[in-house]
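Can you read through this structure? Questions will come right after.
Chain IDs A, B, C, D and E follow the sequence of writing; residue 1 opens each chain.
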Amino acid sequence: MTPVWRPDASTAGSRAQNPPHYAVVDTTFSTVDMGGVAVDTLRGLGVPADRIHRVTVPGFKDLAVACKRLIEQGCSIAIACGMPGPEPIDKQCGHEASLAIGQAQLLTSTHILEVFVHMDEAKTDAELIAVCKNRVAEHAVNAYWLVEKPVELVKRAGTGQRQGFADVGPADPSKTDAKHLRTGAATPTKKAGKKKR
Amino acid sequence: MTPVWRPDASTAGSRAQNPPHYAVVDTTFSTVDMGGVAVDTLRGLGVPADRIHRVTVPGFKDLAVACKRLIEQGCSIAIACGMPGPEPIDKQCGHEASLAIGQAQLLTSTHILEVFVHMDEAKTDAELIAVCKNRVAEHAVNAYWLVEKPVELVKRAGTGQRQGFADVGPADPSKTDAKHLRTGAATPTKKAGKKKR
Amino acid sequence: MTPVWRPDASTAGSRAQNPPHYAVVDTTFSTVDMGGVAVDTLRGLGVPADRIHRVTVPGFKDLAVACKRLIEQGCSIAIACGMPGPEPIDKQCGHEASLAIGQAQLLTSTHILEVFVHMDEAKTDAELIAVCKNRVAEHAVNAYWLVEKPVELVKRAGTGQRQGFADVGPADPSKTDAKHLRTGAATPTKKAGKKKR
Amino acid sequence: MTPVWRPDASTAGSRAQNPPHYAVVDTTFSTVDMGGVAVDTLRGLGVPADRIHRVTVPGFKDLAVACKRLIEQGCSIAIACGMPGPEPIDKQCGHEASLAIGQAQLLTSTHILEVFVHMDEAKTDAELIAVCKNRVAEHAVNAYWLVEKPVELVKRAGTGQRQGFADVGPADPSKTDAKHLRTGAATPTKKAGKKKR
Amino acid sequence: MTPVWRPDASTAGSRAQNPPHYAVVDTTFSTVDMGGVAVDTLRGLGVPADRIHRVTVPGFKDLAVACKRLIEQGCSIAIACGMPGPEPIDKQCGHEASLAIGQAQLLTSTHILEVFVHMDEAKTDAELIAVCKNRVAEHAVNAYWLVEKPVELVKRAGTGQRQGFADVGPADPSKTDAKHLRTGAATPTKKAGKKKR
């Protein structure tokens, strides 16, 4: 941990209100109510309902502009939930959607957490639901930390956190196993809530 | 369904007029009058002709700026209809066109629904026409919902909606069939108007 | 044909002069004087020389900013002519050039027609010249229609127009041949001037 | 070495403070505390703690906007540290993150040094840590030179500097070995601090 | 050659000074002093030293913002020199760097000539040096023509100019050899200064 860090550094620079408002945007294309998971997680962290703003759009290419509109209305951060389908064209569309989310962040100087779950990450609908719940919930916590408790993230710098998969953990110079440095090592079955905070 | 959602959240933030005006842009490259389908659908939803503005451009790379121009003239939303050809260069051009549509949305803080039908999605011209009619019509409804009835979209969050294909439906934890999570599962022959609203 | 369309919709929103001025930009990299074809076509349509502005740049990556500069000087539309070489790196550069042309359009709210002829589209220099002449000429007509007679484009919506190849024509539900929906069907030998207007 | 160069050329054009402030941003996804290495290196160069500002974000797609926010608060330069995972989707996400970092630089007219270490660059965790330490430290020196001693970089123009690998050195017309011009030649085991300055 | 062209068309639209100032930016990553070649060429064309501004950055991803900063200080044009390495990741980084250079041009309405020499274009260091010298020198001439003698470029429209390779020349309808329309035909060994001007 480094000694230098300013607690107010990560909440300045945008038109955000104080206390912060949260934007949650998801899609009708997804097969899981991802926005609902985000809202429930934020509520569980103590964020009152009137500081959470939810919009649903048809597909993930519509997420970026919807987030930008909510930020322009005063939200301090946005959570953009999408579920790319399994076809190659879906992958390309996901890439396009992601680039737009990147640009929307820069145009607003505001974080938009991209929470994508690919349909082919899961072997069954049950597993798909589990990955969605875990990944969305953990990114909702990240959103909360970014705007309300940024020191929580600095504490975890370089600790190999994952959302929707088991954490990798910090690099260990004495470790001889290097599977985690190669393809195919992710463990997608971590249960929601398993991670200690 | 989450309890938090503001009905006015998705129509603010742009220079749009009230009641909303619709931009419909299509191409001479396409082999189906996609813009005509969008206009007819909006008319069927009760939108008067003087709130629908149609422009045709040569190809899909011309769509983004045409939509941006119509939004700058006061349209609240745009429907951008294109038909990528079957060659690899057509796919790359479609990617470039899509990125521009994403940027046009962010520069205007206004939704532009990208409605692309790839020529090689269909086995015959008859099927191509059917896919076009269904996908354009359903996205015209999405456009209408986005600017006039956004709660209709929130109601359908995570329900696996598809345009031009049969809906996938919400994930079912008891389902053992996982074909829909893999490539090649889309059913492109859904007839226009089949979906219940 | 839909009943709704506003004749002034496609010429508003930019700093363009009236009557419209045309920008023509081409490259020293190309092996055919593509800009010359564009200028000759515009002149043949009755556009006087003092409303046509031509600039030549080294390569196609220089086209976008050259068009933007001419639009900022008052041009209503630009025609950007380039000829990607046959190597893979040329294809990637063409992609990069095309993305910049897309962005230049959005930053100026003005159409820039991208007219690219790939060297490997032709089997001989004679064929390359023919494709260039046809494609540039037809896009010069499109440029003229966009700023002076936009209804000509709406009339041709969904009619399968091609530039540099034989037109595909509108989809025909009774057609059993589907070659045009698959790769390799384009007919690149259409002669310039063959198409009826 | 050319005779023309202006010492003030590379610090003008931004809202940066004088003396310069440094932004260091890293991620919780990374398995090495990359931000800590950057901070320690800057401190070792004599930069006081109150001119170094550190923020941690969840993943590398969050780096660009975090850097932009810190630049908007007065930082003269930013160091963006990320660690793409080994999966193909991680590579695509790294590409998206990099494009956003490129855009953030242009929107702020300020350098952001992208320091990415790919997990599959290393064979073991020990090697991963070594590459991270070397690459981050050398880029922290580059950041320092860019804003405080730009002539140090001009002196090294065309000298084949590498970060995290052994330097290639300037091209030598008498050299017959051309391995360094082909894939697979990088030597990733250079120790931190090995390079002479 | 077309009769219409305005001599002042290509120097308007930016904040450039008159007489024009030149920005030259290169990298420490490159193994050849590319910036030095550009400066020497400009000097040879009669540009005085105080109108040439040189900056060196670590890698090619740092070129775009460095050029933008120099343009914002008054330069009329920039020459961005980079040398992508042979690895696949280097190619992707080159693509990202190139996209940023394209955007920097549009944001400043100013030409930035991208001069990239890929390490794997050459078989030996001697050849690499030769390609660098030729390509950089020819693009320095292009930069000079763009801002001081644009008619020189219009004269060469469609003449198949190449930088770093032998020129292809204009398409010849009587030519039966079509090797130049296929991959692998470039001749990289043209000597610097060989081309007649």
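Just so we're on the same page, a residue touches a chain if its C-beta (ideal position, glycine included) is under 8 Å from a C-beta of that chain, and two chains touch if they have at least 3 such contacts.
None of the values given here were measured: they were computed from a predicted structure.
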Mutual neighbours - chains that touch chain B and chain C alike: none
Approximate Å spacing (C-alpha centroids) for the pair chain B, chain D: 42
Averaged-CA centre spacing for the pair chain E and chain C, given as whole angstrom: 26
Numbers and ranges of chain A residues touching at least 2 other chains: 99, 103
Chain contact topology (line, ring, star, complete or other): ring
Complete ring sequence of chains beginning with chain B, oriented so that chain C follows: B, C, E, D, A
Chain B partner contacts - residues on chain A that touch it in the complex: 24, 26-36, 39-40, 49-50, 52-58, 61-62, 64-66, 68-70, 72-73, 86-89, 92-93, 96-97, 99-100, 103-104, 107, 119-120, 122-126, 128-129
Chain B - residues contacting chain A, complex: 1-6, 9-10, 12-14, 95, 98-99, 101-103, 105-106, 109-114, 118, 139, 142, 146, 150, 153-154, 156-163, 168-176, 178, 180-186
